[in-house]
Structures are given as structure tokens and as C-alpha cells.
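What follows are several structures.
Shared chain: chain A. Partners: chain B in the first complex, chain C in the second.
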Partner chain A sequence: MMEEKDNVSTPAQPPKKHNKFVQYFIDLGARIKGWFAGKFNAVKEFFHGFSKEARAEKKALAAEGPQLSRGEKFRRGFRAQSGWLFVAPALILMAVFTFYPIIAAFIGSFKQEYLGMTGKFKGWGFENFIRVLKGDTGTGGANFVQCLVNTLLLTFVSVPLSTLLALLISVALNSIKRVQKAYQTIFFLPYLTNALAMGAVFATFFKIIGTVNNTETVGIVNIVLGWFGMKPVDWVGINSPVWYLGDLRIPWAKYIVAIIYEIWSGLPFKILILFSAMQSINKQYYDAAKVDGASRWTILWHITAPMIMPQISYLLVTGIMGGMKQYSAIVGLFGETMGMNYDMGTMVGYLYNYIGLGQTGYAYAGSLILFVIIMVITFFNNKLTKKRTTY
Partner chain B sequence: MKISIQHLTKIFPSRNKGEQAVHAVEDMNIEIPSGKLVGLLGPSGCGKSTTLFMLSGLESPSSGKILFDEQDVTTLAAEKRGVGLVFQNYALYPHMTVEQNIRFPLDNMRIKREEGNARALDAARLVQIEDLMSRKPNELSGGQQQRVAIARALVKMPNVLLLDEPLSNLDARLRLQTREEIKRIQRTTGITTVFVTHDQEEAMSICDIMVVMKLGIVQQIGAPQEIYDDPSNLFVANFLGTPPINIFKGKISGGKVYIGGEAIAETPLEDRAIFVGIRPEGFIYDPEGVLTLKVDHIEVMGRDKSVVSVHESSTKPTVRCIIDSDVILPPDAAELKFKIKPYKLFLFDAETEERLR
Partner chain C sequence: MFGLLLITSTGVGWLTALCVLLIIAEIGGIAFLGYKIAHFGKEVSAAVIGKWDLSAGDEGFDAEKAKKIERTKRIVKDVFVYLFLTVCAVLAFLPFYWMLMSSVKTEMEFRESVPTFFPHTFQWKNYWMIFHQVTGTRGGASFGQILINTLVVGFLSTFLGLVVIVVTAYALARMDFKGKNLLFAVMLATMMIPGELFTVTNYITVAKAGMTNSYAVLILPFLVSVYYIYLLRNNFMQIPNSLYQAAKVDGLSDMGYLIKVMIPLTAPTLISITLLKFIGTWNSYIWPRLVNAQSWQLITNWVTGGFVDRLQPTSPWGENWTIYGGNYGNSETLDTLKMAAVCMVSLPLLILFIFCRKYIMRGVSKSGTKG
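This part shows the complex of A and B:
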């Protein structure tokens, strides 16, 4: 009876329907599983080549075929495998400087109280990760959450803003004819300047007090603010204003300086890319738009921007990746300690900090977390840009 | 809308020292009546596209005037002239669908969504692409893209429709079909249409009025048949007609027209050196004829046949005569004699290349 009932009811039941969001992750899971299965099979096949049976098979095949001299055998074998020889230099370098460190960092992050000098550690576990995320990493060091917030905030404010600004400047540059080349050169100059040097110059701009000929002076930014009757702000120094959000510090004045710096230093490359992309747009599109009565604004948002969307998304993706790795600019602006006790610390700054302190375990754990975050961001980046750029 | 072009001139200044400024269009005067299909015809570099772009407002003339009806639009911006322009390579926006492309001019005019949709659909129906509305341009064939471009130009109900080499990017069969389509669309809408082409057959087949240009100067204006039958100079005679006209060096002496030693016609004109043009269909085979040609070979087309021959006075390597297929020619004749239809015979001055009447 039970069986019969089952037989009747099963086909009538529709397959369980998930909403779009859940279904997406189910599909994603299936895809990831498939990907791993594929890789596993490939590895299995690769190692099968070394097995006794496979070697015997090969030998049997060789015995059946024409008998070759030793030299000919070697030559044929060399020809078949010589590709490995050509990629060997790159492969060896990558193995030493990329693959080994990645694996070592992964393993090291699970070693508790690991000492880099002696290689001794207490045991295996997740303690490094827990301490990093909790901020329980001893005094004097950078705080992970602070560094993470700083990095994300600086990146997601400065990259879109500088891309937008670069777009507008490129449009302006594209519409002038006379001194275009000269302007192009001027806009590109910052790209050739060292980040630390630029940071130092910026820090001087924003300084509150300095002395010239025994007279106290303030930086140019504060002088300009003074013209508008504003009090000088300590933009980069030790008395820089800070808001507190629980334990989290929001040094807003320093943020402003860093964001302005990031936007400014990011512009040249972006302008170069966008400007050259615009130059390659067929002029007829603009003529057509003009005849059709499109305003400048419409032309910018409905024709120019979509046409150079591949370049824009490239800049956003690389800009965000670069932003997640920023370090030298912040050191240039705020000094070695990245502000007061790393209140302007970045993720990379965090890693360097703990490597410097000899507490490599925290650096390992931090780098793994950074890796995961960058991976997630890149994943969504790809999703978004794919949607926008296909035409 | 009536278009009147008065003393229109466009000079592109020289870019380098020592180079001459380019006179793309010189002192052009045309009156285009309302609702006509006008073709600007000429070899490449004759200023026909420049003229079209000056009509559209994308190029500004160096001097002269353009009037739409009685309004002077010479200095009016392109978007205010109410012209629809179809580009040679269509210039469809690749990131927009067909519908968005067609709607684009309407969106710029801030027309309401429902009305815009209705008008876009009407325009699409007119060019028969209403089922392609959600496609992107790169998913369309060349002919379909062409139609979208025309729909985009028509959707804002322009006063004047301008087409730049509308058929040059299409294959031969589609070209025939599309040129009839353009004629049909122009008839249904009644919009004054100007189009540019270097293909005389294309222009002859659909134009109401044809403007033949050479090096920026208008050579002749008129209905296609009129110009064909009554070319005003050697260039026009040469440019129109397939197969092209036969040109001979000749002279007028004692009231007779001579090609080589043979007198082929009588004329009241004074003695001088001339070019004689005879259309291929202007020959009649006649053993008693006035012009002797050395036969090279005969091409049989079915409906008619071409006698391809040589003559020492001809300016072209061969002379082509088209005669009816039922005319019986003597087999293996090395030479044939022809009479010449007087209205297919044109005389041009050897120096000025102007027509002698």
C-alpha cells in the first residue's frame, strides 16, 4: 500500500522551487563542486601516468612500434617535452616567490605562537584568526578591523570618485583642440612621480605649523582656509581630529587628505586610458547624436560612457584591487606608524607591522583574510562588469 | 519642404604651408522642389558628401546660403534644422537595442514615453523591422541595420531626409531591393529627400532630380532621362550610362562631322577639333553605313547583342555597339558599317569639353 501511494504521489509533486537568491547559491555550489571534480580528475589522470600499469602499457606500445635508436628516442622525447624547458625559468621563479609563500602563509596561519626565527610553534589551531579579528594582538601593533575599515573606506570612496573625475577631464580634453597635447602631458606627469615623494609634498601642504626664518607658518591648505575665516585644522599631525565609533577611530581629517591624495594620484593613468579610448570612438556617432538633438550631457552618459564601458570597468576593477593593497602613499603622508598608532593603517600596513614585530602568525592570518576579501570583491566586480560591458 | 541652395561654397583650408586650399564645393545653386527625391551624383572627392553635411548642419559653408522653404538655415545648428541623416555606415549605437536607437531622437525631444513608443513602432513598421525591436545592431544584417538607420532618421518626422551613400555597404542584390525600398518610403512619407551616390545606375533608377557634380562644381541638374539624352558636357556624357558612351576624336570640316576619314553627319557648326560621343544603342547596322568599325568580337546577351570593335580614333580601347538580337550580321566579318541615330550623337568641343549644339 505504501509503495503504491508513493508511486502515485511522487510524479505529481513538482520539483522544489527556490527563490532566485537561494537558487543562485545552489547553482553556484553545484558549479564549484563540478570545478573541483574536474580538477580532481585531471590530477588523478596526471598521476596515473606515473603508475606501474601505465608505464607497462607505454612500454608495450613502444615495443610494437618501429625500433628506434637511443638518440632518436631521446630526440623525440625531448621534442615532446621541450615545452617544459621553455617555461621552466618562469615556473621556477613563480614557485619560489609566489607559490611557496602562498602555501607557507596558508600553513603558517594555523601555527600558534609561531616564531619565524626558530621555526618553533606551540600547536595548530585558529587562534591567530580569532586574535586578529578580535584585535587581541598585543599592544603597539595595528588593529585589524581599523585597518580593514580604513582600506575599504579609502578604496570605495577614492576609486569611483577619481574614475568619474578622470572621465569628465577626458571629455573636456577630448573636446579641446589647440593645446591638447600639452594638457595631456601635464595630466600625465604625476604618474611619473614617486609615491613617497608625493606623499611628503602633500603632507607639507596640509601641515599645521612649521617654521620658516624663525616665523611660525601653516601649510598652504590652512592658509587658504584662513582666507574664508576658518580655523586651521591639524590635517596630518598628532592633534588631528578623531571621531570614535566604539573602539573604531574615524580620523576624518586624515581621511580627507588621503582621499584627495588617492584621487589625485590615480587620475593620470585613468585619464590616459579613458582619453585614448574616447579617441578611438567613431566620430560619426557624435555627428549622428548631434543631428538627433542630443545634449552634451546625453552624449556623455548615453554614448561616450557606454562606448568606453570596458575601459571604465577595467579601471574600477584594477583601481579597487590596487586600493586594497595601498601602503606607500599612506606611509608617505602620515609617517611610518601610519598616523597615530596605525589609525590610518591599511591591510598591507597591518601585515608589514606584524612581520616587523616578529609575530608572523598574525600577518599570515591577516593576509589570508585579505585574500578572501579581495576574492569576494573581485567576484562581484566580474559579475557587475560582465553585465555592463557586453554589447 | 522646399530646399534652395544659393552660391554655396566650402573651402577646406590647407593644413601645411605650400599646399593649396581644397575647394570642396564651389558656387553651387540648386532649387529642390518639395517632396522630391534628389540624388547628388559624382565620382569620389567631388564634394557631394560635403554638400549633404552642409545641408544637415554638421559642416558650415564658407559662403553662400541654404534656405528651407523661405527660412535661412545656413547658420542654424544641426539639431534645430529638423533633418534626418542616415550615415554611410549607419552609425547605430552598438550598446542600444533597435528600439532604443529609434527612440533616441525622440528622447532628446523629451517626448512622452507612450507617444514615443507609438512613433518608434510606426517608424519601424514603415521600414518593416517591427519584429527586431529588442535586438542589438550587431545581431542584424547589413540591410536590417540600414533600415534601422532610416527608421531612426524618420522617427522625428524630419522636414528633410538626407542619405549618405545609402546603398554602398550592401551586396548587389540587396542594393536593388533597398533602392526600391527607399523610393517607396520616400513616396509614402512625401519627405523631401537628398541622397548621395557615386553609382550612376543607382541615381538614375530612383531619382526625380539628379545633380551631377565634378570637383566641387555642379555639371548638370535635371531629371535622369533628360540628362542622359542631353548631356551638357563630355564629363556628364561619359559618367552616365552602362555600358558607357563611345568617344571618338574627330573634327568638323565644311559642315560635316568627320571621324577618321569618314563623314558621319552634317552640322551647321564652324570648323574645329571635336570629340564625338555616340551612345552604344545609337548604332544601326547597315552595309551602306557611314562609320566603319573593325570587329573584335560579338557578345550575345539574349535580348540584344554587343559588337565590340576597335577604331583608331576612339579614346577608349574598344567601341561597343548594342544592336537588336534579331539583326543578322554577316558571319566572320572583319569590318562592319553602321549608321548613327542623330539623337544619340553628341558633339563636344575638344578644348572646353562643352557640348556643341
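This part shows the complex of A and C:
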């Protein structure tokens, strides 16, 4: 500082003296001019950095050492953050269709009598949740408890059964040697199916088809049951038998149809996972067991079962998760009103029902309850799998 | 808490408890049965073998006879295993067979009180009927229109989705920028949330934006799928860094490296993603139904519409409808037509699966979800 002062104070030609006030503005002007000049130079250098000469310069500079101009520094800093440009499309789409809906759902579920399309609501509170759980929405829509019971019942019956059957089939498949490939292909074939379309096929198995010459004609299942002397049951139609438990309806015949369909549609994926897991078990274990004189059941119970335990728990968890969100299978089987006035409704079906009715508040509340249930399952799953995989 | 109280008060609690008990009993019972059978088998075989061992001392043990017994046991076991597998395979395949056969039956034959397992007469006209859909119950959406919708939406959403996914995954895997890890963590966290939660708001968003009844509304909300970004990012990360440096030395830009090196190397994953995205469009049902009118909907929506026809004396089937006891002019659902439509939706999937099994299974077995 002192040196600078000395330099300034001893020029060859002393500058013109102004009074303090004027000098201040002159200095200010010079400073502003300098600031703009600096920016202008920086911008100039920045664009200059793209030109051909600049590249040559840069190479020379790089050879000399890391002395970067301001523009070059800025350009490099900009470049370092250019990853944001790459993620921008995804980020914008997610902001609109993922992040915003999450916030909107949490806020909207506390708005009483909220109608999403107009944005009108009466006040804040837990009323949506209470009414959803009570089934007191006053709109003639689906009943939440009914939907919850349907979803839980269908999921917790069909997923274990289908996993068990898949396990049996894959054990059998694993134990044969001839035509294994052919069986494999047949079992994997329904792997890619359209849940709705195949649901319609299953419905034709079970339904009362129509009348010919004033006699009812029925689907295959009723015909087979007829061989055992059973009267035809309307499995999927409007006269399907229902038990009543208070307000709750238990359409048992429809449950059976839905469970059979879900077992069938869940099998290929489960067989695929279990079978490939069994195939990848090291053959040495089996050889060792055989040397020790273990029976087939011992081998199955003490070698195969523990080795595929992670896959089984994975299948149970993904099955339950998927079951909680089931919708299109039920629509395929029982039509778009999900049985008689949503007596086969699922939780997702409930949401869509209320979206369709325009009752956004109830739809939000229902979706948040579904979210909480799925989070609870995920939580227990994490606890369980951590324990199980350390055998 | 009040929810729990409510649930118990309506008797659902009992039902749930009953179900849980049932399931436990079911699994326990099967396991116990299996255990018993195993033990029984063991005891029997021990007894048999023991007898043979005993008799060996007395009469001279016949090794060949023991072998024979072993072989018979194996054959019996094989018979049971093959029988079980065959029954299961037949049951697994039956819906497909029934779908195919029903789709070419005449409506009269389909409604017979004793169903035929092989059609007497093949009526290919059913397919002609669903393509031309004379009855007009479908709100003016012909099969051709629906197919064009599905293909356009399928290709566009697959292609654009792939671009977004690849670019994002590349940035997350290879580029350094502030907040990258936070961004990735947030993206992954959204995977935990069921997609149905978004649908409610998205519906309002697109409806307010006036986007309903367009292709864009079917494409935009599903372009980004975090799971595929995650999958591809992991694939990109596996490519060694030395390759990147080598490419730089050779004068490739970042974009050039992405296109010329990374995409070819991760082609299998990209093919899986492409197929699954397209299948996702093919199978999507709820969203198109919610936001679009029938003429803008996709192929799965087309299947669910009842294939209802007004029975006419001059029906295109040329059948005698009076046999059904119904009056002319009544609307009836024609299951054969519905089965033909189901075939049109299911068969492409089956064929795709047969030819691209490897790629589809790779994608699905990793994610546990289809489409």
C-alpha cells in the first residue's frame, strides 16, 4: 500500500487538482468504467475462447502453466456445472409430474371438501381422512374399508399360495432331466400378459354365458362343478353370492375367481425367479449331501430351501407390493365398476373412482393411506430381509 | 389410531385376524404335511431297505433286486413329477388355448351348453367384425384409430423416454456437478412412492392445462422413469474410466463418447428398456381412460369396452338369433368378439416374448415389475 502511494504521489507530471467532492465523482466514474470494461473483456474473452485461435492460445497457455484468464476461468466453471444441462429435461418433467404432485397430495389431503378442478375447499383439517375411513363421503362412491379389505384379503391369500405353487413347480422342474426345456417354455409363456385381456378370458371360464332355447348355458367351471352335482354359481355376474358382515360385503365367489386368476398370472415370474435360483446353486452341495447319504427331502429342506430363501422373500415382498396396487386384473374380471358397485374394489380402484367423481380431497386422502401402508410393508420388509439373508 | 378402532368396530378386524390365522394355518399345514410325508417315506424306505439288509444275511442279498427297487421308486417318483408338471402346464396354457379357440367360434357354438374344445366351424369373420366394429358402441373409435394411437404413443414415448433416460444417466454416471449425489438420492427416493399418488394431481394438471385428448398427455408424464435411469447409470458406471481417457486422447467429445462408446456397450440394457417401455404403453389402461376420450385411447382400453351388438335378423353372422330366446333389437355382449379382441392384444405380447425373451426377462427380473 505504501509503495503504491509513493508511486502515485511522485508522477512525472502532477495531475490537475480538484476539490474533494469533484474528485470523488471522477474516481467513481473511473471505477464504474473500469468495472464495465472488465466485464466486457471477460465476455469478449469468453466468446473468444470458442474460436480457433483461442484453442491454439489455450494449448500454448496450457504448455506454459495454469495461468487462466477470467473468461477462461468462467468458461471452465460453467463447463463443470454443465451436467445440469444434461439432467434438465428429466428434472423439469419430474418437477411437474413427480415432485409437485407429492407436495400437492400432502397439502390437498387436508383441504376439506376439496374439488381439484375448481380449487375450491372449505377449510383445513383431518376430515378427509375421517370420512374416507368411515365410508361417509356422501358421494355414492366406493367404500374405503371395503376396498381395503378386498385388497388385503386378495393379496394375502393369493401371494403366499402362488409362491408356494411356484415353489412346488420349480422343485419339480428342477428334478427332471428330459423335456425340461419344453415345460419351462410353457410355464414362462404367460409371463407377458395384458392383465385386462386375460382377466376377460378368465371371466368367460366362470360366467353364466347366456341362454339357448331358454336354458342357461354356463362356463367351463360350472360345467365341471356340475359333474360333481353342484348347481351353477354366478361367479362373476350380477347374481354372484355375497355374505354380509355388518356393512361389509364379502362376495366370496368373486374372491375365488380373483384369487385363481392372480395365482395364475403371478406364477410365471415366480417360477422364473425360483427356478433360476435353484439352477444357480452350486452342484457341489448336492454331491456332498449325497455322499453323506441325505435323502431327497433332507436336501430340499436343508440345502435348496435356505439357498433360495432370499428369492422367496423377494417374491413375497414384491408380490405383496404389487397386490396392494392391483387394479387392472379386477377390472378385466368384473368390469369397470369392479363388481356390483365396487364390492370388488381395490385401493387403487378407490382412488380412480374418486378422481372420476372429482372429489380430489378424498382421492388424496386415500392415496396417502395407501402410501403409508406401502411404507409400513417396506419397513417390515427391510427389517425381515436383513435378518433372513444372514443365514 | 381412530382408523384402527373404526376397522375393528365394523367387524373387519375379526375378518383380518381370521385371514391371517387362515394363512398361517394353511402354510403351517402344508409344511407339516410335507414333513409327515417325508418322514413316512423315509420310514417306509428304511423298513424296506432294512428288510432287504436283514434278508441279505439269511438268503444272500441280491444286489440286482435292490437296484430294481431303487429304479421302480425312481420311476414312480418320475411319474408323479411329470404328472404334476403336465397338469400344471395344461392349466397354465388353458386360458391361451381357450382364448384362441373362442375367438374363431361362432357365437352360437360358444354359447352351447357343452363347450367344444375345438371349433366345428372357424369363423374368421369375428376378426373382420372387430376391425370394422359396425355397432358404434365404441364412441367412434375404430380399431385402426386405436392401433395408430398405440403405435404413435408407443414409439414416441419409447424414443423420447430413451433420450431422456440416456442423457440423464450419462450425466449422473460420468459428469461432475454440484449437487449430483443429492439429486440422484432424491430421484431414487421418489421410487418408494406409489405412482397412484401422482395420478390424482397429474390429472388435474393436464386437465387445467387443456392437454386432455392429445398424444402429449399420454407421453409426457411417463417419459422419466427413475428405475431405468438407475439401471442405466449403474451400467454406465461399470464401463472403465480408462476407456474414457482413451477416447479423449483420440479426440472424442463427451457427446461423441456417449454415442460411440457407451451406448453400444450398454446395448442389451437399452434394448430391455426399449421393449419394456413399449410394453408399458401397450398395457397402459388407467391413465388413457382418465384423460382421453375414446378416440384418443389406447389398445387396452379398446378391449375393455363391451363388444355389444344389437341382434338383427340381418346380422352379419347370418345366424339364427331367435335360438337365444331374446328379442331382436336387444343388445347382447358377444364374447367371441371380445375374445378376438383379447387375442389381438395378447398375441403380439406372446410373440414378442418368444423372440425377445432374454431381454425382457433381464429387465423384469431386475425390477420385479412389468412395463
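Just so we're on the same page, the second predicted complex is superposed on the first by the 302 of 391 C-alpha atoms of A that agree within 3 Å, B and C clash if a C-alpha of one lies under 4 Å from a C-alpha of the other, contacts with A are read in each partner's own complex, and residues count from 1 in each chain.
Just so we're on the same page, contacts are C-beta pairs under 8 Å (C-beta built on N, C-alpha and C of every residue); 3 or more make two chains touch, one makes a residue touch a chain.
This one's a predicted model, so the numbers in the text were calculated from it and none came from an experiment.
Per the definitions stated earlier, placing chain B and chain C onto a shared chain A by superposition produces no clash, and the two fit side by side.
Chain A is touched at more residues by one of its partners, and among chain B and chain C that partner is C. In the superposition on chain A, A:L189 contacts chain C only, with no contact to chain B. Judged by the touch definition given at the top, the superposed model places A:S295 against both chain B and chain C.
In the superposed pair of complexes, A:I223 makes contact with chain C only, with no contact to chain B. Contacts of A:P251 after superposition on the shared chain: neither chain B nor chain C is touched.
In the superposition on chain A, A:Y285 contacts chain B only, with no contact to chain C.
Look at A:G141: by the touch rule set out above, it reaches neither chain B nor chain C. Fitting both structures onto chain A leaves chain B and chain C with a minimum C-alpha separation of 5 Å. Common to the chain B-facing and chain C-facing surfaces of chain A are residues 295.
Chain B makes touch with chain A in their complex at residues 56-58, 78-80, 83-85, 87, 89, 91, 93-96, 104-105, 107-109, 136, 138, 152, 156. Across the complex, chain B is touched by residues 282, 284-285, 287-295, 298, 302-303, 306-307, 309, 391 of chain A. Contacts from chain A toward chain C in the complex involve residues 80-84, 86-87, 89-91, 93-94, 96-102, 104-105, 108, 116-117, 129-130, 133-134, 145, 148-149, 152-153, 156-157, 160-161, 164-165, 168-169, 172-173, 175-176, 183, 186-198, 200-202, 204-205, 209-215, 217-220, 223, 245-248, 250, 264, 267-269, 272-273, 276, 295, 297, 301, 314, 318, 322, 324-325, 327-328, 331-332, 335-336, 348, 351-352, 355-356, 360, 363-364, 367-371, 374-375, 378.
Across the interface of their complex, chain A is touched by residues 2-3, 6-7, 10-12, 15-16, 19-20, 22-23, 26-27, 30, 34, 38, 41-42, 45, 78, 81-82, 84-85, 88-89, 91-93, 95-96, 98-99, 102, 108, 110-115, 164-165, 167-168, 170-172, 175-178, 180, 183, 187, 190, 192-194, 196-205, 207-208, 220-221, 223-224, 226, 229, 279, 282-283, 285-286, 290, 300, 303-304, 323-326, 332, 335, 338-339, 341-342, 345-346, 349-350, 352-353, 357, 360-361, 364-365, 368-370 of chain C.
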